[in-house]
Amino acid sequence: MSDPTTVMTNEERVVYMQQKRKQTQIRDTMLAIAGVLSFLLIWEAVVMSGWVDSKKLCSVLEVFRLFIVKFTDINPDGAVLLVNVWSSLLIALSGFGLAIVIGIPLGWLMGWYRGFDAFMRPIFEIIRPIPPVSWIPLSIVWMGIGLKAKSFIVFFAAFVPCLINSYTGIRQTKEVLKNVGKTFGASNFTIFWKVGIPSSLTMAFAGIKVAIGNAWATLVAAEMLAASSGLGYMILMGRSYGRVDLVILGIVVIGALGVLISLLITRAETYLMRWKKV
Amino acid sequence: MDKKKQVILSLRNISHSFIVKNEVKAAVSDVSLDVYDNEFLVVLGPGHSGKTVLMNVIAGIEKLVEGKIYLRGEEIHGSNRSIGMVFQSLNLMPWRTVMQNVEFGLELAGLDKKQRRLIAQKHIDLVRLSGFESAYPHELSGGMKQRVGIARAYANNPEILIMDEPFGALDAQTRYAMEEEVLRIWKEEKRTVIFVTNNIEEAVYLADRIVLLSNCPARVKHIYDLSSLGRPRNMMDPEFLRIRTEISQNTDLAL
Amino acid sequence: MSGKHAIQLSQAEIREQRLNLLYKILPILSVLLLIGLWLYASRGYNPKVGSGFPTPAAVWDRTVRLFTAPVKKRSLIMHALVSLRRIGIALAFDWTFGIVFGIIIGWYAKPRAFFSPMFDAFRAVPPLAWIPLITLWFGIGEFPKILIVIFGSLASIVVNVKAGLSTVDRMYLDVGTVFNASPMQTLIKIAIPSSLDAIFAGVRTSTSAAWMVVLAAEMLGADAGVGFLISRGMDSIDMPLVLTGMIAIGIVGAILAILTQLVERLICPWTRKSK
C-alpha cells in the first residue's frame, strides 16, 4: 500500500492537506444542498401527484408567493406580515429582556451568597417544575387577553433557564481563582464582581440561548391560545380558514426568526468573550 | 542467557511531521534503530522531544510520513497485533470494570467469554490486582490504573510492548514501586519492551539499552549499552552513577 | 453530662454557628412569606362569583372534589395517566428512532452533512407551531397529539446523541487503533459506550420537553389529560381547577425528572466527576 504522502516534500504535503480539506468542505456543502433539495423535491412531488388533498398541502412555490403577497395583504387574519412579526417580536423581546435582567443577576446572587440561596430556594423549587405553558390559563384568567399576560408567560419561560445557568456557572468558579483574589486582599463582593461573574459568562450565555428558545416557543403557544395578532395567531387563522399556505408560511417565518435571534446572540457572545479559545 | 541477539523490530529513516496552520512542524527526524528480541529498551528524551510521536507511529496510531518499519524482516503499515501499547494518560474505559478493560483486546479478537476470562484473570493476577476485577477505574488509584493498562496490553499477547511514559503522572514513591513491578512482570512474561521516559534515573534503572533522543525534532543522539550493570540494579552503585552522569551531560534540555 | 469541661468556641466558630442557624431558618421564612402572600392575595375571594384569587382552602376543596365529581368522567389521577400515556408512546418512538438516527449522523460525516441542514431547520420551529398543521392533516384524535409531542421532543434526543458521538475522546479511539479494532467494533464498543452520558442527557431533556408539549397540545383541543383540565378551568373561570391542575403538573413533572435521574444512575454507575 503506497501512501501518497511518503514521497512528497514538505511543501507538497502542505498543499496536499489544504486540497484535501477543501475537497471535504465542498463535498459537505454539496451533500447539504442535496439534502435540502431532496426534501423540497419530495414535497413538490407529493403535492403534484395529487396523492394528498390539496387542502392539506400546498406547493412550495405557493408558500413563496404568499410570502411576497403577505407584505401587503391583510387577509385573512387581519394584518400584514410585518405587523404580525413585529407584534410577536415585541412581546418576546420584552418578556425575554426582563427575564435576563432579573434572572441572571438573581442566579449570581443565589450562587454566591448562601443567605440569598437559602431564602430564594423554596420559591424557586416550587416554580421550576411547572412548565411555562401551564401558566397560560392562569395568566389569562388573571390578566385577561393582552400584552401583559403574554409578556408574563414569556418572562416565566425565559426566567428559569437564565437563573439556573447563571447559578451553576458562578458555583463552578474555580477555587484557585477565588483564592488569588483573597491573597490580594479583595473583599467578598469584589471577588464576586471581578472573578465570579466573568467566569460564569459561558454558562450564562448558554442559559440565554435556551431561554430564548423557550420564550419563542411559549410565545407561539400563548398567541394561539389568546391573541389577536402575532405569528401564532396568524397560523391559527390560516387553519381556521383552511389556508394551508398561510399555515406553512407562518411555520417557516417563526422558525427563521428563531434562528436569526439565536445567531445574533451567538454573535454577541463571541464578541463579549473574545478571550475564549474557540 | 547469552544467546545470539535477534532483531525483532527495525526502524529505518523514520521522519514524521505535522501540519499546523499551513506550516510543517517536524517531530521526528531521520531515526534509524534496531530493537532486539526480548530486550528492555528504553527511549529517553527531554519533554516534548517527539518521543510519543515516534511511539504512535510504530504502534500505528499515526500514519508514517517517511521511512520504513520492519517487524521480523517484513514491512508493516499501521497497527499490528504484535505491537501493543501502554498509554501515557489514562485511557482505561470508564464504563468497563477492571476485568472488562483487561479483556478488551481479546474481545475485539473474537475470543469466547470463557477463554477471555481465563486469560484476563491470569494477567490481573500477574499485575497483582486480584480481587479488583469488578471495580471501576474511578475507584482505583493512579498506580492501580496503570497496572490495569499493563495487564490489558499484556493480555493481548503482543510480541512487542510499548510503554509510553506510563509513570509520568504518579508520585515518586508509587513510581519506584511501579518500576520494580514492571521489571518483575517483564521477568515473568518475557517480551520485548520499548519503554519511553524523560527520567534518566528511571532509564538507567530499567534498561538493557538506552536510546537517547535529542530535543524536538527527535534524532538519535546516542545508544548506551547497559549490559555491564547486573540486575537488580542499585541506584547507589558507582557504575550506575557514572553512566547516569554521562547521560545527563549529554542530554538536551527542554527549556 | 456534668463534670465535662465546656468547650470554648472561638469568635469565628460562634459566628459560623449563628449563620448556619440563619440559613436553616431562611427557607422556612420564605415559605411562610409565600403562604402569607397567597392568603393576602386571596382575601377578596368569592367562591360563588369566582372573582379574585382562590384561597388555599378553596384549592384543596376543588382537588378533593375532583376525585368525587370527576371532570369528563375521569379523576385527577386518571387525567394525569392519560397525559403520561401520550408522552410514553411519543418518547418510546423518540428514543428508538432518535438514538439510532443520532448515532448515524453523529458518527458518519456524510449523513451528517446531508441531514443536518433540514434537521436544524425543523428543529428551529417551536413545537407548538406545528399544531395547526398537524390538526389540519390528522384532526384532533390521539395520533395527532402524540405526533405533536414527537415533533416537540425528538430534537432533544437527536441533538444530544449527535453531540456525544461526534466528540468521542481521541484517547479511547487510539486504544481501539492499537488493539486493531474494526470500524464497526470502534463504533459499538468504544464510541457508543463513551457517549452514554450524552444519550442520557438527551433522555432527560426529551422527557421534560415532551411533558411541556403534551400540556400545550391538550390545552388546544382535548377532552382528557392534565392540560385539558387547566384549559377547562380557564374556560369556565374555575380558578381553583386551574391551580389544582398546575400543582398536579408540577408534581408529575418533578417525579419524571427524579425518575430519569434514578434510571441514569442505575445504568451508568461509573459516571463520576473524577476523570
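Here the chain labels run A, B and C in written order, and each chain numbers its own residues starting at 1.
The working rule: contacts are C-beta pairs under 8 Å (C-beta built on N, C-alpha and C of every residue); 3 or more make two chains touch, one makes a residue touch a chain.
For clarity, every value in this text was computed on a predicted model and none was experimentally measured.
Seen from the Cα centre of chain C, the chain whose own Cα centre is farthest off is B.
Of the two chain pairs considered here, A-C and A-B, the higher C-beta contact count falls to A-C.
Chain A and chain B, compared by their mean Cα positions, are separated by 50 Å. Rounded to a whole number, the gap between the C-alpha centres of chain A and chain C is 18 angstrom. Touching chain A in their complex are the following residues of chain C: 19, 22-24, 26-27, 29-31, 34, 53, 109-110, 113-118, 121-122, 124-133, 135-137, 208, 211-212, 215-216, 219-220, 227, 230-231, 233-234, 237, 239, 242-243, 245-246, 249-251, 253-254, 257.
Residues 1, 3, 5-6, 10-11, 13-14, 17-18 of chain A are the ones that touch chain B when the two sit in their complex. Those residues of chain B that touch chain A in the complex are listed here as 17, 19, 22-24, 63-66, 77.
Across the complex, chain C meets chain B through its residues 169, 171-172, 174-182, 185, 189-190, 193-194, 196, 268-270, 272, 274-275. Remark: chain A residues 24, 27-29, 31-32, 34-36, 39, 55-56, 114-115, 118-123, 126, 129-138, 140-142, 213, 216-221, 224-225, 231-232, 235-236, 238-239, 242, 244, 247-248, 250-252, 254-256, 258-259, 262 touch chain C in the complex.
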